[in-house]
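In what follows, subunit A forms one complex with subunit B and a second complex with subunit C.
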Partner chain A sequence: MTTPDPSPDPPPSGTGLRQLLGPAGLVGAGIFSVLLIMALVGPLLVSNNGISPVADPWAEPRPGLWLGGDDVGKDLFAQLIVGTRASLFVGVAVALVVTAFAALIGGAAAVGPRWLNAVLMRLADVVLTLPTLPLLIVAAAFLGRGVGIRIALLAVLAWAGPARIIRAGVMSAWSSAHLEVARAMGANAWHLLVRHASYVVGPLLIPVFVRAAMGAVIADASLSFLGLGDPTVPSWGTSLFWASTNGAFLTDAWARWPLPPGLAITVTVIALGLIGVAVEERINPVLRKVR
Partner chain B sequence: MLEIDDLYTGYAAGLAAVRGVDLRVDRGEVLALVGESGSGKSTVAKVVLGLLPDGGWATGSARFDGTELVGRPESGWRSLRGNRIGAIPQGAMGGLSPVHRIEAQLVEAVRLHTTASRPAATARARELVRLVHLDTSVLRAYPHQLSGGMRQRVAIALALAGEPALVVADEPTTGLDLITQERVLDLLVELRSTQDIALLVISHDLPALLRRADRVAVMYAGKVVELRSADVIRNECVHPYTKGLLAASASVEPDAEWSAIPGSAPPLDTDLRGCRFAPRCPVAVDACHDSEPVLVQLGTGLSACHRSGDGLAPGFPSVPRCGPAQEAANQLVRVSDLRVTFRSRRRTTHALRGVDLSVARGEIVGLVGESGSGKTTMGRVLLGLQAPTSGQAEIDGVEITTLRGRRLRATQRRVGFVHQDPYASLHPGMNVRALIAEPLKLGAVPRDQWNERSASALSAAGLPTDEEFLRRLPARLSGGQRQRVAIARALVADPILLIADEATSMLDVSTRAGIATTLRRLATERQLAVLFITHDLGEAMHACDRLVVLRQGEVVDTGPPARIVTEPEHTYTAELVEAGRRRTL
Partner chain C sequence: MPRSARYAVGRGIEYLSVLALALVINFVLPRALPGGPLKTLGGGENVGVLSTEDQQRILAEYGLDKSLGEQFLTYLANLLTLDLGKSFADGQPVLDVIVEALPWTMLLVGSSIVLTFLIGVTLGAFGGLRRKQGKGSGLLASALLFDSIPSFWLGMVLIAVFGAFLGLLPTFGVGEGWDDPAGLPRHLLLPVATLTLTGLGQFFLVTRSSMLAVLSSDHIEHARARGVPRARLVRKHALRTALLPVHTVLMIEVGFLVGGALVVETVFAYPGLGRVTFNAIQARDFPLMQATFLVLTVAVVVMNAVADATYALIDPRIRTGAAS
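Right, the complex of A and B next:
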């Protein structure tokens, strides 16, 4: 019926990253870019790759050996820098796979036939009830320690929640007026998805990606810390594992051995969290401040 | 009791939505504040209720019984709002709590605003429900168990809980059926005398308030342009805008004209020197563009117009009369015994129960009905969006109810669709050019024809075709322009049938007749068959060649508009006509 005062409240338009992220999100994006650059070019800047010993065991920090050496004299600073790549790689790779899975499964469940929706969503329910960490530990112990396997494992355990978010997004997009008009024009499902639903669902993928990356960085570090990662490839989790194995937490070396990788993990997760929360606040009408 | 003096207010710094308004509401008086979207009428209500959002500002004065309302801190509103000034906010019936019974909500409101004990508040709740003519059984109900009209009555009862002296009702009939609208307005006016309250009613619907208000203030672009006693305004109004508004409201009388005011209201930030209405005014002279007229005493009331003394009758373009009836041989759409049944676990809803319908080439058929009558479902079946449970629907000899996939889409491309909501039916990220080209893309029309066909569709819909306009996004179009873009989009692929589902309902009153005029021209020039779905009998009267009245999924009346109005065959049609007539008295 009549709605005489349709308030012109356009959704926050895509006039650039600045508007999408806001100040807090920009800070997060800044930190994350620094970490990414560190992962890409960091290994070129350190004199060794932190794998072979370059100093005395438990060497004290000195210029050139900024964080000192570990129990066999490997360069801890080099490990921190080189480890960035492995840690972030797992996070980004898992996030990519999870986002793709969530989009495909959620989209298929939303627009596909009813039986497909039922099958996929019950499957998601099952995955959601799995106890993640114990399962990861058991699976990592049995399936091996390769990076590929770890990424696959983390992705398989993380897709369910995001898929349900995407499904809800596609379903609400599917009932939007402009999509209905397009369907009445004789548009096929592909056109509807690419041209119309993507506009609504696209922004949802950003928090899905960021949250998956966050979860993966933490889970990967936990696995490595428990010794279920690859102990020969430097990563933040692996550094923590060796620090723990050698009892470095209880020695004077705590500030130069376990603390830096721990901080790096925290900073990464905080940066991703800032981005995720900022984007979510802007695309979720419930969280948007009433103006 | 309420005195507003020289009120300026706005939502953002430097942009005034209300520019110098003076109004008075006396004890026991009903003042109607009428205007279209953007006129500032709701903004005035927000100032009176202290509901301006953050960032909003107000200068000037608004006094309620001597208490200054402008610049009052939030804490100072607690003793006023709900207690002495009752509010029926826009969409109030949708604002009831879905998880509490009506009784609990009324008791809460009574106890919040008075010192009544719980038993006293419960007794008061019963009394309130009787005041708004609801049965006391409503007290045990949840909002979803009530109809829209009943919920609106509950909202009114809530506004009365604190025994206010003034009630501000912002669009109290939005979203209700015509017959229910009349009853709700009758109730409000009745409460004025039984409860001894003054009423400030904000509405876009001028005719509905003429019979009920004491005085009417017409607002345009942030200013009051006419203020006059309601019983004389129809005959004695001076301002061309008031005349235009009256002519733009479609009456059910077959002889009356239905006109549109050309153009659209200026945006807030336009810097006009003269009268804000001058660009749309048919009788504007140079003086109107140069200086802004002030509100002065003219006849029995106040008007702000330079040409007021001249006794001019502004001519607004009106919707052309319908043509001669089409022969049956030219039938394009044939629907017979169509049934649509929705089943869910809980209940079965019969949206359509055996509907017959036909539309000929060049004919505009009006499908009239209230919400829930099945009129939109009928449109969706013809658009191939809803599969019927049984029955036949044929478009140009093709039975569409059994079509699937590619063949269905091929038929869909020959049917144009204008959605009722111009704000949601245009993809917000596509510019006008891309929006218009979408059906061409889907129809695999060669790309070198796109520009030409888009331009022809745009001009047919009464829109400019310049590059600047083609690059605009929907957010930069007015409501009327959006709906015209939707019409152009529906036309560009040369459809044989156009389905307009409540195409005018969300537009400003002054622009509605323009859309109907465009549809009429298209039907005549392109021999286009048009199905005009509407809840407004008056609009259907003037826009259509033939009417089909739907009620609860059944056709209760069908025939030419003049016959429907003069000799309705069904009591429901008679009721609709009666409700429409009462508005124009």
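Right, the complex of A and C next:
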């Protein structure tokens, strides 16, 4: 299109990442990139996988064993580095599935027939009311600890809120003035969606993705912390589970055992949060209409 | 039907659906596994070594040889008589374990939700008012920080600081419990603080953005032009309107805090349902986990219904049935 779009709330001009994120968002994106790189290459950089004992129980830190050993002499530093992969993978995978679910369900509820809207949104309300963590605990206990099941469970319980947001976004876009004009000129629904509504709804997918990832990282860590983690794969939550069962935060080992994985989770979630808040701030006109 | 009644009926149906879904999940999960319910309800991990006759005997003992429909009816009938089964670990009726633990969890969640609401809304309103002067970003940053910390880890840090280093507060359990009303608050302080701090963010952010929206609305402009004093303007005109979206967060927050309580209780060895759940996971005590899930679902629904009832107090449109 060569003529400028006369909509009252133009989407952020330019598609540059810098423009979309702003300074705080760029910091978040930077931290998250570092974490992603650590997840990809980290396991190659440490000498062991943190699963089998390599030192004395409660070994003190020394070169090569930077954070010392746990109660059976497993390398805590290796667990921290290798654990990045498991924790981030669950977060990103769940966020992808949730965003896709939310876009499909929210979009269908917004532009579909009234009965479909009613059914989907009542279902969303029901899922939102169910207490998530207790249900996750029961389901994980019965269905097993594999990462695929974990991702499916987290996604099935997390789509409802995001779907509501997308639905509101699509509805607001659908009734905006320039879409009315395009519709009056004979554009079909597909054209409206791809050429016009997507500019309003598209940016909404970023905070939806980011919030889903934040929730998934914390929920996954909580499950592992309760002893429902996959015992064969190191993760931050599992490290904290063992730190807690051994009361490590009451001993001299507090700074090298329970502290680093907790900080890693917090930093990951903050990095995602910075991206989310920054993007929300940029697309504020859209969000304000949504609320 | 008046608007308020229609709203109430709608919510009622929704809550019944939530309960029904929880019941079905609880019924289906143990029976959906490969290997069947024998593994989880019957003999534990070593089912494989049992002879066929033994397997049949266990199935019959638990009523698992009947049709699924019959099993479901028995399951519902048992629930109606509050028979939640027996704990795998010690054969104690699950109901007794739950009844003993539930008040502790309700105490923890209840005090946390009141505190999160009061503190979060106050700070959020403050943050919204300050936004105009370009201040309050420190509050926003802290809200983001506490929103990002896993509650169980924050609990560990608080224990290390206030318990181990400063020696100021007890770090686990509830001491003498109800028998020591003076010592109880000291034991509650750290768990409640943990749960409250991690729950604050949501209330803060929603109150803040809602306050910002309300402050730039016409009726505030009008009130300001009429010369309404600032304190009254904020309290009566702005905050009251701004609270409407916060109320929605309150409902979601109840479920969030109930889940948070489960992990926080574990850290503090607090004798509530979280502790029960943690032990049940370690012992693979499935009936206990299922009962906890069911009871917490009921608790969340009841708390939501209470929140629903209070909605009319802050939104007169619900009371009078006027269209929005």
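Here is the rule we go by: the second predicted complex is superposed on the first by the 272 of 291 C-alpha atoms of A that agree within 3 Å, B and C clash if a C-alpha of one lies under 4 Å from a C-alpha of the other, contacts with A are read in each partner's own complex, and residues count from 1 in each chain.
Please note the rule applied: a residue touches a chain if its C-beta (ideal position, glycine included) is under 8 Å from a C-beta of that chain, and two chains touch if they have at least 3 such contacts.
Since this is a predicted model, take the numbers as computed values, not measurements.
> Look at A:Ile283 in the shared chain and tell me whether it touches subunit B only, subunit C only, both, or neither; answer first, second, both or neither.
Neither partner.
> Between subunit B and subunit C, whom does A:Ala184 touch in the aligned arrangement: first, second, both, or neither?
Touch partner of A:Ala184: subunit B, not subunit C.
> So, A:Ile270: does it touch subunit B (first), subunit C (second), both, or neither?
second
> So in the superposed three-chain picture, is A:Ala163 touching just subunit B, just subunit C, both, or none of them (first/second/both/neither)?
In the superposed model, A:Ala163 contacts neither subunit B nor subunit C.
> Looking at the overlay, does A:Ser176 come into contact with subunit B only (first), subunit C only (second), both, or neither?
A:Ser176 contacts subunit B only, not subunit C.
> Pick one for A:His196: touches subunit B only (first), subunit C only (second), both, or neither.
first
> Once the two complexes are aligned on chain A, which partner has more residues of subunit A within touching range, subunit B or subunit C?
The larger set of subunit A residues in touch belongs to C.
> Report, in rising order, the residues of subunit A that make contact with subunit B in one complex and with subunit C in the other.
The overlap between the subunit B and subunit C interfaces on subunit A comprises residues 291.
> Which residues, counting only subunit A, touch subunit B once they are in their complex?
1-6, 8, 10-11, 13-14, 176-178, 180-188, 191, 195-196, 199, 290-291
> Report the residues of subunit B in contact with subunit A in the complex, numbered from low to high.
Residues 36-37, 42, 53-55, 90, 171, 174-177, 204, 371, 383-385, 408-413, 415, 417, 419, 421, 423-429, 438-439, 442-443, 475, 479, 486, 489, 493, 502, 505-506, 508, 535.
> Please name which positions on subunit C make contact with subunit A in the complex.
Result: residues 14-15, 17-18, 21-22, 25-26, 29-30, 32-33, 40, 144-145, 147-153, 156-157, 159-160, 163-164, 171, 209-210, 213, 245, 251-252, 255-256, 258-260, 262-263, 266-267, 277-278, 281-282, 284, 286, 289-290, 292-293, 296-297, 300-301, 304 of subunit C touch subunit A.
> Show me the residue ranges of subunit A that touch subunit C in the complex, using the header's touch definition.
Its residues touching subunit C are 122, 125-126, 128-135, 137-139, 141-143, 161, 214, 218, 221-222, 225-228, 240, 243-244, 249-250, 254, 258-259, 261-262, 265-266, 269-270, 273-274, 277, 288, 291.
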